[in-house]
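Going by the order they are written in, the chains are A, B, C and D; count residues from 1 in each one.
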């Protein structure tokens, strides 16, 4: 039997943590051949990144420790090699790119220097390396490479940075490229470009691509074979199409089932009288930069209005301005007929009860030094008229029950919960104020797919039960499709299109909306293959 | 660890490089305790300035022999009284200043004028000629008459402190002192050293030392260490604790007297019994050889024994706590508020071990039943307590002070410390005022006995203060020098007296 | 950049003015220098004359007015004690302080960076523990105590180094070594902490994935990123040293600005105190500016 | 989205309380443990020392001065020798702990409270007040601390309280600048915005949300500063403008014993050693705390003993 390009056999990794030994990876085996794209699919904590780190010798030991198994590169055991030998393979034979290119590029050295270093480290003369670096930048689509070589990572956009990472990784034409969530932090349109680039380069060099992701859409877009991981173990593997069409393991089934974007689309709500909120010509500038230009929209009672757009589209600025975390440059916002921006401190204080916000990252939006009870009851400390103190304990328990947590959890602190649980706590806190309108700023974007679905269900249930209205800010179109009544599309600080979900998803009028829809990835490999073909027709994607 | 290796590296190199630096073996290095602010001859009464200037750069009319030989001529060859308030001095001929001009009566007159000039604060003027008006009359180039109002019977002694500068010297501080002495100031590297070099055209004997370098270290042990390592030849002031090598270390009486000034103006210290109790309550002997050098002498007066009129009959009060307590009880019975809290005020770094001495005194007084607390102050604050005007509601205060009189006559002390108008006097006794005035005007044996009576009166009759110790200074002299420090070392170092073995 | 320097200079000038006003008035509260300058026996008239001569009898606000006017005419007054222009007195002491401070800071920086980086790389290991422990012991001892022990040991007993003073290069060894110890302990800790953070950062992971060797990872990739907080601390240390090192200067007879300052304070030589503050403040301002420039050189993200 | 994100889920049931966890981490770092125990002993001396040994510590015996250490003939109090006035050094060191620790604690607490309050204001508000506070910090920083000492001690007197005032003032900028820098960052964090959205007042945001997050940093600095202040106090004593007898502190003892270094080394050695050991312990504890309070670093203390 000829050796695989890369083979991982029976790998187990343990971590020493506050909570004792944790088995991050247990008896994991997979292999990769030249020209193959193998995707490791898993949610956070599944051990997918740890497996890849083991291949690259990037696990910090301690706290991590490889307890069993082997990693073979072309039949040679990597784990038995000396540090010197591993270094010779790293970069030259097996290269890696990461999720957050800004953090993974050294901020204080020019990108040219960093790309050249990859080659000089492995013995290439520096003038030759420089020549090659320029070629590489050109190849990954960085315009004007000679002068851009001298620029620093922060001077590039997110997509460009990932291109730089790719250029660096491919500098020595490695046999294997490991890509750890390479597109997770990127906008959908950029994600599509990066994935396309990776595929192109793979076709050119014939390298094996090991891609790690949590996104079924990415699997559908690029994978030949897929390995599904959960809680440190491989639960299922096989060709991507087969796994999707015919999942065997319950976890895989659940994962596929919870993928958003295939539910019923909401029918437009008939406007019953006065709008709850009406924005008129809202603008916000930071110095010369106009983050928000002349935005107008209305929210009816009980309505879910989604605002979609990519980074820099002004959707978060809109939310912050609305909540008066930022002062608008101009414009008006009528809440129940009164202008939010002209309110006195006292009126504003009253309004705070009615309009609430759920933030993107519950880890950051919950004060780590307050217990769950303190977090939720703080609402009543601030607004004592809502509830008399003796009833607090009871109500906290009630609210926790409402969001699917146990009353016992009131004594605990945020760091003792998982991401999804934390977001539930954040929602319980919002409910404590009995608001009318809740602004959800990317409230589910940081969550795993299965948890995302649960939180969405929770929000939807609360709307039914309490008649809440939502402004739902998101970049993820499938979620919006399932949840929203109306959709507002923003680009460059402007609202470019507005309509019911059906209008937007089925008959988009704006080019940008169409590009967004085209770039969004569908979990079904077959659907995705069709989209890929369709996308090629849309020129807007190519700058 | 790293530091050590730096040290080791440095050291090994140092051994090879440091040795040849010694210049001519007739050069000396003297380490003083303080950097000089000024080198103006009219400030030479400050001890460190004096140690550089006096008799080295600038000479005086007369000179007090440090080894007990009395007053000797220097630039004045002889002197006589003309009448009660006028003295005539004959000056030495053939003396030239270091700038080439020759010395004459003109220069003496100018020097006297300069030390009391407005717009120039001269310490010599304030110290020796304060309160009297001096006029001069030039008889000829080498004869001068000096008149003082009021009369000064000890004018020649006072002139042993007056540094003579050429008549061209401006009425402002000079940084280039010119004098008739055997040395000239050749370099002054501020912050580092002062260098004197020998003159060829000096009128007297040519001294052995060719060049003297003065350096400044404020730490006692460093100064001692410098002589020990050969970096310096002479440290006029070191700590007793470091004076452990009999071959190099000398004790010399430094004319300083430590005493406690009692505030006789405030109850309960206005009662003589309380003051006596304060004298009886302390075990003076216990200090000697422990925290006060063994060579120090118990004092009965504010001036050292070499001063005229010093009264050998006065006895150091015996240590008698019982008697002290009895006196206090007696005073208390008469309604004296002996329980009032007395503040014992000390001056930080006044002399070696001052803190320990004050702590020991406090403990002894508390033991004898005094209600006392100790406060230590740095000099500026301490002066506020020590000098008039006193604060109104100060409460009873006992102030530690050290007084220096190296001039051999009590006149330089008594008025300031005991007269009603005296700046540091907490005594208001008309009898004392009269005795001081009489003694000041007297001459000869009459003067001696008048001072002697005053000391007896102060010590035995009114117990004006608590006299403690006549102090000694310690100095370290390199073994290659032939030089013995004397009482004069406290104010001057005559390089011409230094020889080599 | 020019705008930034201007803004910085303005803020510093503001602080300096506040400082001068504060020092001027507060220092006057500690009594006047007359009693200290004149002998104890000096008569009240000569005291009065002294006060008159140095303008100490004027109302304090008038004295301040005179001072400000003189300073605006670049006259920083004369030292009462030394009868020399105060600025001249201060500058001659300051040159020594400057050399001492710069040399020490340079050595501290180099040593702390090298040892601290290695300690961070081997965090938890033997080297780390020994380096940390020794530097902490050094940083925990009173400096005057170390200085005197060093003199007794190295000069008197071993005769390796001169006790004190200036002159040859060997005179510098002990003052610098004593001055070195405490800042070194502090800087080492900062370098170590900052390097641990940098070494666990994502870009170091990238470098490892590239196959870069350990030493360039430490000294090229991590170090430059770790230097910003280090530079801040070094800057603070240097600023402290530019105010003089009183203890070291006192013991080693080193003619620096710290000893000058304490002497002038104790002797109430206010003009010298004020001039010294101004000179130090200027030096510290320039140094802070240099540090800001160093920031922007080290980290291209920082632009003023 | 780290891989260990979900671990707490599993550990939820057996989460120990914070104190027990701290103790466990302390147990794993033996050096820090020794340091903490030493500090507890020092604290004990500081609290009970004067009460137990004051009489012994002030009993003079001029004729039995500078008695050498380890000579048990004069009683266990003289185990470290006697000082220049024949008082037992051991007793004096224990009694002096009181003033020494009081000065250090007082100065650190005062500067921390004042400095961090000003820092909170300067960091939280964007108004002119923040600029004024910053300039004030600059002024204090460049104000010669010795001059400050002379001024305060001249106008008042060199008592323990006034030494505390002097030292506290000079340390204020450290806390001020650190707090401000932290607040500037924390102010922008999501949970602060969340509180603002709920209508929380500025006071509530500052004291309930920001301060608890800054506090561990302040605590670490304070521990270090404690050591610094002790050394500064002894330097003041060295220069003769610190605490004056008959009060005693370790710093004063060192500077009083300094002239005897060559012939009675123990006079300044033992109090010097007390200072070194205390500051060293504080530094070690501070180091330990920096790790123990940092969730990212904490594992270093957690796993020791289980592995290696």
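The working rule: contacts are C-beta pairs under 8 Å (C-beta built on N, C-alpha and C of every residue); 3 or more make two chains touch, one makes a residue touch a chain.
What you are looking at is a predicted structure, and each value in this text was computed from that prediction instead of being measured.
Chemist: Please indicate which chain is farthest from chain C, where distance is taken between mean Cα coordinates of the chains.
Modeler: With centres defined by C-alpha atoms, farthest from chain C sits A.
Chemist: With contacts counted as C-beta pairs, which pair of chains has the highest total?
Modeler: B-C
Chemist: Where the centres are mean C-alpha positions, what is the separation of chain B from chain D, in Å?
Modeler: About 45 Å separates the centre of chain B from that of chain D.
Chemist: How far is the middle of chain C from the middle of chain D, if each middle is the mean of its Cα atoms, in Å?
Modeler: Each chain's C-alpha centroid was found; their separation is 23 Å.
Chemist: Can you give the whole-Å distance between the Cα centres of chain B and chain C?
Modeler: 37
Chemist: Please list all residues of chain C that touch 2 or more other chains.
Modeler: 30-31, 148, 152, 200, 250, 266
Chemist: What parts of chain D, by residue number, touch at least two of the other chains?
Modeler: Only 150, 154, 258, 261-262 qualify.
Chemist: Mind pulling the chain A residues that touch 2 or more other chains?
Modeler: Answer for chain A, listing residues that touch two or more other chains: there are none.
Chemist: Per the touch rule above, enumerate the chain pairs that touch, sorted by label.
Modeler: Result for touching pairs of chains: A-C, A-D, B-C, B-D, C-D.
Chemist: How about chain B: which of its residues touch chain C in the complex?
Modeler: Residues 1-3, 6-7, 10-15, 17-18, 21, 35, 37-38, 40, 45, 118-119, 121, 123, 125-127, 130-131, 172-173, 175, 190-192, 215-219, 221-222, 225-226, 228-229, 231, 378-381, 383-384, 386-387, 412, 416, 423-424.
Chemist: Quick check on the complex: what are the chain C residues that touch chain D?
Modeler: So the residues of chain C touching chain D come out as 11-12, 14-16, 18-19, 22-23, 26-27, 29-31, 123-124, 129, 132-133, 136-137, 139-145, 148-149, 152, 182, 185, 189, 193, 196, 200, 239, 243, 246-247, 250, 261-262, 265-266, 273, 276-277, 280-281, 284.
Chemist: Give every residue of chain D touching chain C within the complex, in rising order.
Modeler: Result: residues 31, 134-136, 138-139, 141-144, 146-147, 150-151, 154-155, 227, 231, 234-235, 238-239, 251, 254-255, 258, 261-262, 268, 272, 275-280, 283-284, 287, 290, 296-297, 300 of chain D touch chain C.
Chemist: For the complex, give me every residue of chain A touching chain D.
Modeler: Per the stated touch rule, the residues are 15-22, 24, 44-50, 62-63, 65, 99, 181, 184, 214, 323, 325, 348-349, 352-353, 355-357, 359-361, 364-370, 378-379, 381-383, 412, 415-419, 421, 426, 429, 433, 446.
Chemist: Would you mind writing out the residues of chain D in touch with chain B in their complex?
Modeler: Within the complex, chain D touches chain B at residues 58, 60, 62-63, 65, 84-85, 150, 154, 157-158, 240-241, 244-246, 256, 258-263.
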